[in-house]
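Please read through the structure below; I'll follow up with questions.
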Amino acid sequence: MTIAPEAGTAEVSLPTQSTYQTRVADYWNAEENPVNLELGKLDDLYHHHYGIGAADRSVLDEPDAELRRERITTELHRLEHAQAEFLAERLGPLSPADRVFDAGCGRGGGSVVANLRYGCHADGVTISEKQAEFANAQARKRGIDDRVRYHHRNMLDTGLESGAYAASWNNESTMYVELDLLFAEHARLLRRGGRYVTITGCYNDTYGQASREVSLINAHYICDIHPRSEYFRAMARNRLVPVHVEDLTEATIPYWELRREADHLVTGIEDTFLNAYRNGSFQYLLIAADRV
Amino acid sequence: MTIAPEAGTAEVSLPTQSTYQTRVADYWNAEENPVNLELGKLDDLYHHHYGIGAADRSVLDEPDAELRRERITTELHRLEHAQAEFLAERLGPLSPADRVFDAGCGRGGGSVVANLRYGCHADGVTISEKQAEFANAQARKRGIDDRVRYHHRNMLDTGLESGAYAASWNNESTMYVELDLLFAEHARLLRRGGRYVTITGCYNDTYGQASREVSLINAHYICDIHPRSEYFRAMARNRLVPVHVEDLTEATIPYWELRREADHLVTGIEDTFLNAYRNGSFQYLLIAADRV
Amino acid sequence: MTIAPEAGTAEVSLPTQSTYQTRVADYWNAEENPVNLELGKLDDLYHHHYGIGAADRSVLDEPDAELRRERITTELHRLEHAQAEFLAERLGPLSPADRVFDAGCGRGGGSVVANLRYGCHADGVTISEKQAEFANAQARKRGIDDRVRYHHRNMLDTGLESGAYAASWNNESTMYVELDLLFAEHARLLRRGGRYVTITGCYNDTYGQASREVSLINAHYICDIHPRSEYFRAMARNRLVPVHVEDLTEATIPYWELRREADHLVTGIEDTFLNAYRNGSFQYLLIAADRV
Amino acid sequence: MTIAPEAGTAEVSLPTQSTYQTRVADYWNAEENPVNLELGKLDDLYHHHYGIGAADRSVLDEPDAELRRERITTELHRLEHAQAEFLAERLGPLSPADRVFDAGCGRGGGSVVANLRYGCHADGVTISEKQAEFANAQARKRGIDDRVRYHHRNMLDTGLESGAYAASWNNESTMYVELDLLFAEHARLLRRGGRYVTITGCYNDTYGQASREVSLINAHYICDIHPRSEYFRAMARNRLVPVHVEDLTEATIPYWELRREADHLVTGIEDTFLNAYRNGSFQYLLIAADRV
Amino acid sequence: MTIAPEAGTAEVSLPTQSTYQTRVADYWNAEENPVNLELGKLDDLYHHHYGIGAADRSVLDEPDAELRRERITTELHRLEHAQAEFLAERLGPLSPADRVFDAGCGRGGGSVVANLRYGCHADGVTISEKQAEFANAQARKRGIDDRVRYHHRNMLDTGLESGAYAASWNNESTMYVELDLLFAEHARLLRRGGRYVTITGCYNDTYGQASREVSLINAHYICDIHPRSEYFRAMARNRLVPVHVEDLTEATIPYWELRREADHLVTGIEDTFLNAYRNGSFQYLLIAADRV
Amino acid sequence: MTIAPEAGTAEVSLPTQSTYQTRVADYWNAEENPVNLELGKLDDLYHHHYGIGAADRSVLDEPDAELRRERITTELHRLEHAQAEFLAERLGPLSPADRVFDAGCGRGGGSVVANLRYGCHADGVTISEKQAEFANAQARKRGIDDRVRYHHRNMLDTGLESGAYAASWNNESTMYVELDLLFAEHARLLRRGGRYVTITGCYNDTYGQASREVSLINAHYICDIHPRSEYFRAMARNRLVPVHVEDLTEATIPYWELRREADHLVTGIEDTFLNAYRNGSFQYLLIAADRV
């Protein structure tokens, strides 16, 4: 599990630096949820995030059970892909010469989306060795492994080159780390004027502290959802200046309402998400910021 | 020019606290630009800000000179009003029992828009005694002076009641003040969970320091345009947490392209704005934030 | 449910200031756990916290079922009382002329303990109206209601007198609030040189982010356990200087090991606490600090 | 235009890092103001700053036009040189073994002054390639190019050696950059106990925000004059401790009063400077600080 | 020893708030050093600070012993008075309608100097009841007790009116208090644009930590001399912006060299001061700053 | 006196970086107090700190003068050693593979204690070349010089390897340095989750500023004792989170009471320490913190 430093990169620390991180890595090394694998199989774009946009609920009316499952799977994947494209759109404009950094890349879908859209180089980082291997295998299969590479590393301490990236993002992976450390690493990697984007679930300070539902989500995923305020405080301390912020809560609810009815895909956390969004304690938020 | 403290308000300092503020007050006491007065006369909504949205440039084709001027005036006013509504929409939901605070209210249009939309109470504050009188006269004329009141005060030190406001805003008036002092006052006035909105011109840190065009705008209005980063830093220090940020630069360009051809309304700064927006050094930005 | 301001106190805001706080208040207004009520009945000292010290596990060997329950109840109460005394001891020395502030007083046991030990005046504050009433009834029953008073107020904004308190504490109530706001209020209330003490469960930064067990505890109590680091950062910003810090994790484990076997008292969270303490992700900590 | 890293220096980034900086570099690459070139020719000391001290206004009475121009030129150069010496005096004591850093060196006069006074090594840095070439040519001409070298680099990221400098300065070049980044670089370069000196135009916070005159100066030079307060805040954050602060506003006015009458040298900004100084909105300030 | 609050002032805390302050008050209540009393008697200007400027050392050559002592006393007083005038000069311009605040006023000389120079109102504050009484008696004797008043209060918590002062100062009294608390109080009392001046002994960060000599001075006076850096950090946090900083170390040495030979006046600390100044560990510094 | 950089270490600066540090180094290079040397000789554990625990005062009753001195020496050494063990106990658990850092190692006793207890590698750093040589000689004598090494370096800038240390400490050596610089270096050297421990004399903020006694101690040792608050502020800024804080003042008094009667060992500062501890102005404090 050792890392062979690439040319031009600094000394790299171990991918996991605490018991907590080891436990998170174990979780993702073992994770084989259908909602991730079945959807990904459809077009070999493996996303590890939720979807946005209006759902075609007519898929639920499909009388044939197997076909019904298939249509639901396809529709959920469509919504997840829409989210990935929505994020990727905010990264640009980018050219094929640019490099992008995918922090918490999971099974690699986001970097592929960015590469397909812009032709750019991508470096994905995940704490799960299995995810990194899976993602690299996908890249080889697509023949883009010379441009899109996944690393079994810690996103807080990547060992990647300073100032070398035109854009970077976290797609639902910020809740596993301390934001000040995370944004310091993004700020280090991005060139001046580079773009950072995150889509994340955050708890809503106007509601108060974390609600019971937010804590249940934390328990489910072994994560630690931050308050919205913490994102802006930590960005302010790390030279990341927001340029677009959008509350996607309404946009993600159709995804969850559909998913909760997909018996073959549910993980059991669906109603908790819906309750959390509806009682105002939880938000699905996009932040795009510039590295200044 | 003394102030009779209202019941329930604390000691109020002088509206102007520095030579700079006196000079700004003098400017606005003397200001009678047609672009403000002619547009306002159309429906007695006097805005002191720019417009957004697609412009109907066919008004320029009107062969009759006087009618042409009139149609341009109407179109520009429509765009300015659209901006005011766009801002006001972000303040809510609000009920008639709620109070709102209009910081740098100018001739009062924004508070009227908020009152018409929500039925709420409004307190506008301006450093220009003449603007306050003008605005109060308009409120009386509309018969809403029991709910909408304008004060000749300093928006950094209003003497208004702490925690009493459900929403507040600055519509293109933040560039006259130090943001930390401004946001501290908004944070004091807003109740927990209250909403703050600003639409403002800011200079773009990704471009670098203030461009020549930004400085020319500053010289024109005796203002001091802040970098985008400063808004988020100062909000982070004052418990204002962004929930929506939108770059309106593209949306405001049609307004300026039309206005620059309105010979009867131009102030001479139009091309500078267009250049500033187009070279990337200047942005027209909306920030909506929650008081936590 | 309005509050009649006492002489000498400033304007008091509503006890609950957010949906979260209302939900917490509802929880405690409805709470009637035997582990709180049955133990309190023994000597009319109603504690809302856990115990410390070696447990007499021989109570589990009692063959008579009813007597067994009674002996377990008594032993758990002994351990909880030991914790209350351990905290109270750190408040002193205090004289009968001193005033102390009990933040998050629950059903009032802590203030009584302080009064019995030092003869001092005590003001307890709780967000639960029912708890405040219950506690005041107990004080009247003991005949100390002239010296020990409970208020249905928000501990972040008590309206109590600045600089009037010689000591103050939170006994397992800090996890419901933002620490900066809490410590600012303590710093306001304490005289220079006054003592602040908290016993709290915190998550352990050396383990990493909040563990699954910590999140389950949060979900159980609708609370938001802070990392250990946050206590010291927030104290440093609010002129509270630690003078004694002690990890009570080992000392509290016997309490939980006994309680998990008390079928008539368990709430279901017992094993989660034990797991959290044992895997290193959670700590039971005392901090005594001076107001400088 | 690439840079060959010298032995012992770290990786060097591009001299210009933003559109703004490119525009500033273009300005100075193209700049050929007589007030800089004509004065410099007199003794091959090319200054890019203003003068201080009482002016000999009798030069204006010279009847012969050409001689008059020559005498004015000489007098203005004398005042500018007095300013350079005034600054250089604050750098010391220094020995020939010491190295000094000239941030924003222009055509190189300041480094030559320091070398003549102390015999020390000097590294000047300018964002204008043309200025660097010009200055190096001058050094060769004087035969001091082994000790005084000019680099086409960014003063925020010089790539020069950490802790290697006994003194450093900005002579009217701080208004082009963000002070925190600038002072961080000076703090990195200076040895402990090293001296930093700046002479700068700053806007006066006691007047208020930037006045119209200050904005006109900004527009003229494409610069971004900071408030006085920002210097002290940024120094406090970067371990630079003031030891001498002097308001040179009165001392520089004679220079401007003479220059405004020098038809062959004026750039058109002269009256704006005089108005800005006289209305209290602008100050000419020296700050000497120690690196601790 | 209670304080009758004056109209318009807020609640006033006890003059001494810690054992340390009580000990300092005791010191000054008991202090009757000839160097303070004998000098003051000359013209009823009682200074509690050191002198600046060239000393007339010919007074040491006076053959008559009594006359010699008298001439030395007079010369030292002249130097101390020169220091007081030097400070007072930096407070202005002020008008008779202005109010000034003298923090740590001692036996009151500084406030009299300010009143004589500007005709202004003065409020002096000292922690020593005896000094306040002495100073008020002097004011009555001069017939200026309607304009110059001394208060037995704590300069960190004066209870005086916010924003009411045009200028304020500490003449060698900052070393008894925490600078952040002190400057917060000055910032509260001064109107926007008001002037703060201090002359103080500070230790020199370029030398390192406090030298043995500095510690001996601390032990002598029961004070706690701050590093130079702390002044600028604390001012930066409290909206006090330096406008003039001057190292008076050289200027004060003649005073100490004369005083050490005045057998009738020495306190025994004279050589320690001279050593501290000469080894570079200690500085005599004036800072004039504006309240922004 | 140059330093040959070891493999894997960064560039190392000079051990002394200021006049102050040179003076401290001179002090310790010259220091040969019996209380350090005589005690160390007993078992070749040379401590440079005080003792804790109950003293066996019967040693004072020994009638034979020489034996009495010997018994006192032995008893004081026992108390000092108890302190060293008390500190070392807080470093663990550690394994022989771990490295520890001893900041301000003096004649090296602490590192030996750690090595004996845990078998770990130790790097001690002292500004005194003589101490480093002495300590290394001791290590060779014990045959542990392959594991325990002492370096003549500055503890603020050690050049040792980042993240390589499992534990580190300062035993009464923090009062010579600026805490922010010190803790930044510890934070750099410690691995995540590493332990830092200090035992130190600090002045007590609840008493007020530094007392006369504290200043006399500073003068005696040429040190600069920090307030207790500064430790927690600086730790909060440097990711060091306290986990155990204990006031050892009571525990160290018996040591001083015995030492003051040891005529052959006293340095003259004994009564000052006792007075400082007893009047509440000074504390002997242990802080154990985790690097997060």
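Labels for the chains are A, B, C, D, E and F, by order of writing; each one numbers its residues from 1.
The rule we apply is simple: a contact is a pair of C-beta atoms (placed from the backbone, for glycine too) under 8 Å apart; a residue touches a chain by one contact, two chains touch by 3 or more.
Please read these numbers as outputs of a predicted model, since none were measured by experiment.
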Checklist outcome for this item: Sorted by label, the chains bordering both subunit E and subunit F are C, D
Item to check | Angle (degrees, nearest 5) of the CA superposition of subunit A onto subunit B | outcome: 180
Checklist entry - Which chain is most remote from subunit E in terms of Cα centres? => result A
Checklist entry - Of all the other chains, whose mean CA position lies farthest from subunit F? => result B
Checklist entry - Does the subunit D and subunit E pair touch with the same residues on each side or with different residues, judged by whether over half of the numbers are shared? => result same
Checklist outcome for this item: dist(centroid_CA(subunit A), centroid_CA(subunit F)) in Å evaluates to 48
Checklist entry - How many angstrom between the C-alpha centroids of subunit D and subunit C? => result 62
Checklist entry - Measuring from the mean C-alpha position of subunit A to the mean C-alpha position of subunit C, what distance in angstrom results? => result 39
Checklist outcome for this item: By the touch definition above, subunit D meets two or more other chains at residues 18, 192-193, 206
Checklist entry - Touch graph of the chains shown: is it line, ring, star, complete or other? => result other
Checklist entry - Between which chains does touch occur? => result A-B, A-C, A-D, A-F, B-C, B-D, B-E, C-E, C-F, D-E, D-F, E-F
Item to check | Residue ranges of subunit F in contact with subunit C within the complex | outcome: 192-193, 205-206, 228-229, 232-233, 235-236, 239, 241-247, 283, 290-292
Item to check | Residue numbers on subunit B that touch subunit C, as the complex places them | outcome: 163, 192-193
Checklist entry - For subunit D, which residues are in contact with subunit B within the complex? => result 18-21, 23, 176-178, 206-212, 215-216, 218-219, 222-224, 279-281
Item to check | subunit D-touching residues of subunit F, taken from the complex the two chains share | outcome: 13, 17-18
